[in-house]
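Could you have a look at this structure, given as structure tokens, before my questions?
Note that the chains take the letters A, B, C and D in the order they are written out, and that residue 1 is the start of every chain.
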Amino acid sequence: MQKNRLEAFSDGVIAIIITIMVLELKIPHGDSFDELKKLLPKFLSYVISFIYIAIYWNNHHHLIHTIKRVNAPIMWTNTHLLFWLSLVPFVTAWAGENNFSVLPVATYGVILFMTAVAYFILTKAIIFTHGDESVLGAAVGKDFKGKISVLLYAIAIPIAFFEPYISTGIYILVAIVWLIPDKRIEKKL
Amino acid sequence: MQKNRLEAFSDGVIAIIITIMVLELKIPHGDSFDELKKLLPKFLSYVISFIYIAIYWNNHHHLIHTIKRVNAPIMWTNTHLLFWLSLVPFVTAWAGENNFSVLPVATYGVILFMTAVAYFILTKAIIFTHGDESVLGAAVGKDFKGKISVLLYAIAIPIAFFEPYISTGIYILVAIVWLIPDKRIEKKL
Amino acid sequence: MQKNRLEAFSDGVIAIIITIMVLELKIPHGDSFDELKKLLPKFLSYVISFIYIAIYWNNHHHLIHTIKRVNAPIMWTNTHLLFWLSLVPFVTAWAGENNFSVLPVATYGVILFMTAVAYFILTKAIIFTHGDESVLGAAVGKDFKGKISVLLYAIAIPIAFFEPYISTGIYILVAIVWLIPDKRIEKKL
Amino acid sequence: MQKNRLEAFSDGVIAIIITIMVLELKIPHGDSFDELKKLLPKFLSYVISFIYIAIYWNNHHHLIHTIKRVNAPIMWTNTHLLFWLSLVPFVTAWAGENNFSVLPVATYGVILFMTAVAYFILTKAIIFTHGDESVLGAAVGKDFKGKISVLLYAIAIPIAFFEPYISTGIYILVAIVWLIPDKRIEKKL
């Protein structure tokens, strides 16, 4: 298994995920301003998910860049990450369709939580393969941002059953945190 | 015909197949828990097919890696494999939509059977081109896992007409068998 | 403009075209054998178009392989080819949905005709850029298969208004002719 | 971050955008000539958007070609451009569905305007990273075509509320202007 094939395949899947989401942004039945306004929650969920997928692509790219060799655990923990990412278009459409109501927002949180966990597992598989002394091992040793994200999603899911807008706010907050580039890996490299 | 173009094109088609399946996971009409629960069979068929496509991508990758030159038979037996793989999203959606009832499960089996046969034919075309003495020829000489899969699908199809759940169980079983990496090629290489 | 970017972009578009066609193969409303049987014309049009797109990918690959430099005329005649190819999923679905009736079959023929003409124009743009003395210029100098295809499509379109099945038969015939690999370019190379 | 990954990812997203638009070209309910004629506005909007996306792919390709290193601002201004491009299939379908009526045409203009602005910002991020003395800095120093396009879109949007056909004409006009290759960058290179 070559590293560049894994990278190309993952890039392909992520590029498709980020692009097919627009297919769920169904065109309004009429051409009035009211019809367009009704699209607002769908558009908002589209924007949030677009940013999330772009962040994952960016981070995933940095992560795979540190890899020297690919084995079965890396291949399958990567596939596991792509699986949860592939469900983002579904929860995006569902949350947007229902104006960020309770269950869609909670489910959105579950997918974000599982994706973050899958990313964490992939990181562990890479460190396990390359050793703690590797660039990545040293760089993500503490991984504060990753851990705080998982924690925030875990908090946002139960909150969704009382105030889904607060949960949505948490998802947006985590996205903003991630938009700030991860200097740790870059510095070590 | 260059090997890397064949690889890139196949990777692209497989990446699209694995990703567009989520478009068949239509969002529920409401936002209740009951609506979400109804999605369970569709979600299960999605998981099974996602794993199958990932396995094929992984195995296909190893297979093409052993190729030295591409000719018309390899090009067309590869296209033939992609054709049957491209029908997986269709049977996935149909089986999920109908709670794994008789005909959809049998059809799912037919597609898995034809895909496995197509993979077998592609292997033969490669060995024919490169010779039995090639790495691949020696490595997959007996191909126990490939043959047992085809046999199990062939058994699962008629069983579906009596107990589709048993057939579904067989498909899951074969997937698990394939998740165990094929050490033969790796060892020889 | 680098040749390999043009190749990668075209491969990407063609891979997506060949794969999204399956999204038009909508799952039946029930799970009976009768419902499955009704899919037969759609499945047939899917098979024909899948083979056509695969042939175009294969030929396009050989064609671009002969290119040394890319300029604006090659870029735009290539985009023009991709435009007509991108309409194949539409006519495939329409012909299948209407059991190969008059207008869908005639429109299918128009798209095949325009695609073949676009391929011819791309060939001319490449020869114009690289000179008649180039490998390609010599190899496709007479291009019997390309010319006969355009002619057959031009005949099949009016025939569709009387006997659409004959036109469909002509499309299948042309596909079979193209499945036989073009030895001319290969030999010269 | 490697330049070629950014290029491959962008190419992938643009290839998917240009291809999935055809999925919005829904097949007619019947097979009569009247049904086909009703598709004309949708087909026209498809053609315009296909050309626009192809132009952006071409220009984007030239732009990235001049880059020497990728940093966070380039990565994110590029993602920002892809975001607005990803909305083109939506406005294409909406404008086509409503025969180029007021609000869809105005919204189409807004997306074209934002895409052009996003392209401009990406150019600035690249020049900022590489310096005004760079090839790109010198080449696009005045960027007449980019500025006139943004201006024309800004004029076309309010016009759409009175005469949407004039606005549509302006979009077509800008596309034609861009079809003429940008000799400035090419010459400098």
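The criterion applied here is as follows: a contact is a pair of C-beta atoms (placed from the backbone, for glycine too) under 8 Å apart; a residue touches a chain by one contact, two chains touch by 3 or more.
All values reported here derive from a predicted model rather than from experimental measurement.
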Based on which chains touch which, give the shortest step count from chain B to chain D.
-> 2
Count of contact steps on the shortest path from chain A to chain D | 1
Report same or different for the chain C and chain D interface, where same means the shared residue numbers exceed half of all residue numbers found there.
-> different
Label of the chain whose CA centroid is most distant from the centroid of chain A = C
Chain A and chain C: spacing of chain centres that average the CA atoms, whole Å = 38
Chain B and chain C have mean C-alpha positions lying a whole-number Å distance apart equal to 27
So which bits of chain A are touching at least two other chains?
-> 8, 12, 16, 20, 23
Is the way these chains touch best called a line, a ring, a star, complete, or other?
-> ring
Every chain pair meeting the touch definition is listed as A-B, A-D, B-C, C-D
Complex contacts: residues of chain C adjacent to chain D | 1-2, 5, 8-9, 12-13, 16-17, 20, 23-24, 72, 75-76, 79, 82-83, 86-87, 89-90, 93-94, 97-98, 101-104, 107
Give every residue of chain B touching chain A within the complex, in rising order.
-> 7-8, 11-12, 14-16, 18-23, 25, 27-28, 30-33, 36, 47, 50, 54, 57-58, 61-62, 65, 179, 181
